[in-house]
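Just below sit the structures, each encoded as structure tokens.
Shared between the two complexes below is chain A, which has chain B as its partner in the first and chain C in the second.
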Partner chain A sequence: MISKKICLIGSFAVGKTSLVRRFVENMFSDKYLTTLGVKISKKIVSIQLEDVTLLIWDIGGEDLFPQTKLTYLRGMSGYLLVVDKTRISTLEIVIDIRKKVRETFPDVPYILLENKTDLTGQWDIEDSVIEKLQHEGWDIMKTSAKTGLGVEEAFNCLAAKMLRKTIT
Partner chain B sequence: MENISANKISAKDELAHLRTLMLAPEQSEISELKERLNDPKIRAEELSRIIAEAIVMRTATDQKLATALLPTIEIVLRDVVKKDPKFLAETMFPIIGLAIRKSIAEALRSMVQSMNRTLEYAFSWHGILWRIESIRTGKPFAEIILLHTLIYRVEQLFLIHKETGLVLQHVAADSIDIKDADMVAAMLTAIQDFVNDSFSTKEDASLQNLNLGELTVWIEQGPRTLLAAVIRGIPPQELRAILQEIIENIEFEYSSAIDNFEGSTAPFEACKPDLLYCISQAQQTDSSANRAVKFSTKNVKQNTKKHDGSWVFIIIAGVLCLLIIIAGIIFSALR
Partner chain C sequence: MNDPILVELLNELNIAVLEHIEGRFFKLLSTKIDWIVDLLPGLFTTTDSITLPDDLTYLGNFMVDANVFWLSGTPGKLDSGIWNEVNPSGDQYQFEASAFNLENRRILMIKMQRCASAEDQTMFQQAKDTLLAFEDLSRIEKDLEKYSNLLEAEVQKRTADLRERVTELNCLYSLSKLIEEKNDSLEALFEGVVNLIPDGWRYPEIACARLTVDGIVYTTQNWQETAWKQDSAIKFQGKEIGALEICYLEERPAGDEGPFLKEERSLIIAICEHLCHVIERKRAEQNVAKSYQVLHKTFEDTICAIATIVEIRDPYTAGHQVRVAKLSTAIAIEMNLSDEQVHSIHTSATIHDVGKMYVPTDMLTRPAKLSALELPIIKTHVQNSYDILKLIEFPWPIAKITLQHHERIDGSGYPNGLKGEEILLEAKILAIADVVEAMTSYRSYRPGLGIDKALEEISENRGLLYDVDAADVCLRLFKEKGFKFEE
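Let's turn to the complex of A and B:
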């Protein structure tokens, strides 16, 4: 079976950890995030009848993405950027983080997840902003850790993107 | 007569003429090919165009090229050393210092470990018992300490791809409760990164030991992979040498597989016997110490408590003490 390392990156309290909690195999407690700054969980997805083990490195949320965090990204095959749909500031931070990550890992595929989409009345990030990013080539999906909307699809979609890259 | 011969000649000419008409391009091709085959300069030129690819292809299929080239390379090396030893010394300089430093550090650590062990046990309760055993059996004290303390077992071995933190291969001894190897390996890599980022300033510095009670994790580093051994008990320094040798072999033998690693562990399936050997090796060391014991925490504890005939000496000593006390009482009563 093929294994791949992926990373989960985003600002503080955007729901990264909740996003994985319900959908992956966990072995380590959340306190690793505050101590080591990273927590690892695992998810097996099936892409075109082939099972792929995703080792998910959940990188502790900090609004400043320091150099040390970049070492945790080493060797990843893809990453998920997570923003809180109800806070526009998280998107600004993610755009900044993505720029930094692209400098070191220019060709690694990624998907932007708009999390907390279940809080419909409180949306702060407008669709026009998202459309603009999509025009710039971003892959963007809506998720909700609470209702489970789009989470499985996000992992599958990223895995498919990564594998296509390996094959070509 | 003349007429006939003249006819013959003209027929021959015609035939030759016909041949040139029909086969002229092929004829020139054949002569060209002949020329190419006979001219060493052209052949060398042609060979030079494909030789690199040919070597790469052959190296990928088997090791015969290396075997074939070995004598030549040996001669070349010898000549280089003879001609200009300084050149080779300068080339080797960056790695030789590192190798020596590492080897000296290992030797020192091994010495400190054995000294520590001797000191630790020399004055302890176990130490006294073992000293009696040493007198009784006539074996040196150090040997007795080794015999009692070298009870260890390699429980698990992880071969990990450094860059991604993914497991290339994982083996475990029987009856070990195995947690998810993928996640453990990734976390181990994360801890390593964390330690490096937090405390170390040098690039080549790395985590080598983790101690948790009676469990020890030894980490041997290769350039692109690392081998983590989870050991119960006190392992001898020789085990480190074995681990080092294994990782060096793997780095060498699976060099291209490591370079082209895309997440599939299939190419590394073949190094499983090497890793299993390491696990069985630990058990052999124990049996050579004449202890036909199966390893487990319970047994380790039992073994350190068991001291064959030394209890007899304690009883005799106790009886003697009792006799002296009684004699003392009687003596003082008489006075």
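Let's turn to the complex of A and C:
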């Protein structure tokens, strides 16, 4: 069976671990527990009639993404950049991370996830900003680890992109 | 590793030590402890040799960097960073690996620590929680600033609006005051109105006004018709009789109606309505005054007509009532009586002998004294006057005054022998004037006795027959003030 490494990157408390937990275990907890280091989870998915083991690297979030952390990304087939839709600073950080990642991994597919979209009254990232990024070629999806909205679709979409990349 | 104590120590510290042989093969230098087996399931080829997993696991990924490190021969260590694993029982553990170059041997150390329970707050957790709280605070602060700015802007706007309303109210108040002050003259009012208009508008420094009423134009000194105009018609009883126009001499930012506000539209309409009410009231007052004048003239003419009726029948006393009226009015004025009393005396005196129309003409004009039987008939003229005049609703007690004008304060008068305070003051004054005039005038039965005689009569009988104050005034009028019946 094919194994593919996916990394989840983003600032702290944006919901990376919750997204993984929702995707892998279909569970969610409101309590915020910071991730120390890296957590690796596995899930087998079926993409285009092919079973693929996704090795999901949940990398503990920090606002600075030092060069050393780039080693975590080694061998990845795709990555998810996660932002908290109620904190605009997390988008600014992710844009910076993406620049660094793209320098080392220019052709690796990614998707930007606007997480916590269930908190509609607290949205801090305006749609116009997202539209501008989409205009620049960013792939962006709305998710909620709490409700499950868009989570399965995000991982499957990335997996499909990774497979297409492999074929080409 | 031969030292058993060292091995035991490493076990206690949950540290596994491996030596890199080649490729992915390692030799276990420390004890084969359970967690190492769990961590690297199925990768022990012999009791103490291990094949590390591929690059996709955390450790496998670190091995890439470790190999580079070992090849470089750099002293010191290379850390992998913390990673988490879950054992088959579901327990989560944290690991950290370090690569060492020690005496040309490539050592890999893996340290395991049990995870803290979910409820424990580690330093990192607290730090992250604090950072989140700080972010929340910053966001709240930003929101507060944003709402504070919005509130400030709203307060400023409302304050500005309020100032505008106050200005407009002041304009209306000034208008009301002006209407009170310039009650007599509409022209003066309109001049005042047009000059206070600009201050009621938003840009008074560039405002000018023009008021037109019944074709007459009133303007401010700086009046100039411009494209920035607001106007309203002045309507009286549905007909347009004028207009009020306000112009700005310069362009200003757009409001609700060109540069004007909708509140200013309300103001200009209010001012025009005020002016309309003033004009209405003024015209009504003028009509009333006119009617009053007509009525007054009619009244006076009627009184004169009544007086003339008597005098036509008695030519010897022609003019008597007029002269009595002149003297009695002069006495009343000199005594500082009210206008009402003066009018009542004047009117009473002018027609006080109307009752003589019932007296046979022969008796009135006989050039001889009347007999004792005839005198009472003459005296009836008083009651007759009363009977006639009581039928007219005068605003003053005219009938009573004429009834009493032959009464004397000692009760010796007629027809009712009234005394002192029983006689109206007006009647007392009329009595004096009647006596003085009668004595000084020519009668059919005797010549005039002269003014001195008449004044002597008054002087001797003041306080006895005649009211003291009225008598004194009468005497003063003739002796000091040169009063004359004919001028």
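Heads up, the rule we're going with is that the second predicted complex is superposed on the first by the 156 of 168 C-alpha atoms of A that agree within 3 Å, B and C clash if a C-alpha of one lies under 4 Å from a C-alpha of the other, contacts with A are read in each partner's own complex, and residues count from 1 in each chain.
Here, a residue touches a chain if its C-beta (ideal position, glycine included) is under 8 Å from a C-beta of that chain, and two chains touch if they have at least 3 such contacts.
Small disclaimer: the values here were computed from a predicted structure and weren't measured.
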{"item": "Touched partner set for A:Gly37, first chain B, second chain C, both or neither", "value": "both"}
{"item": "First (chain B), second (chain C), both or neither touched by A:Phe12", "value": "second"}
{"item": "Chain B versus chain C as contact partner of A:Val129, first or second or both or neither", "value": "neither"}
{"item": "Chain B versus chain C as contact partner of A:Ile2, first or second or both or neither", "value": "first"}
{"item": "Which superposed partner A:Leu55 touches (first chain B, second chain C, both, neither)", "value": "both"}
{"item": "Chain B versus chain C as contact partner of A:Arg87, first or second or both or neither", "value": "second"}
{"item": "Which of chain B and chain C A:Thr71 touches, first, second, both or neither", "value": "both"}
{"item": "Overlap of the chain B and chain C footprints on chain A, listed as residue numbers", "value": "3, 5, 32, 36-38, 40, 55, 57, 68, 71-72, 74-75"}
{"item": "Footprint of chain B on chain A - complex, ascending", "value": "1-5, 25, 27-28, 32, 36-38, 40-42, 52-53, 55, 57, 68, 71-72, 74-77, 166"}
{"item": "Chain A partner contacts - residues on chain B that touch it in the complex", "value": "161-167, 179-180, 182-184, 186-187, 190-191, 193-194, 196-198, 262-265"}
{"item": "Contacting residues of chain A [partner chain C, same complex]", "value": "3, 5, 12-13, 31-40, 55, 57, 60, 68, 71-72, 74-75, 87, 89, 124"}
{"item": "Touching residues on chain C, where the partner in the complex is chain A", "value": "55-58, 61-62, 64-65, 81-85, 94, 96, 118, 122, 124-125, 128-129, 131-132, 135, 139"}
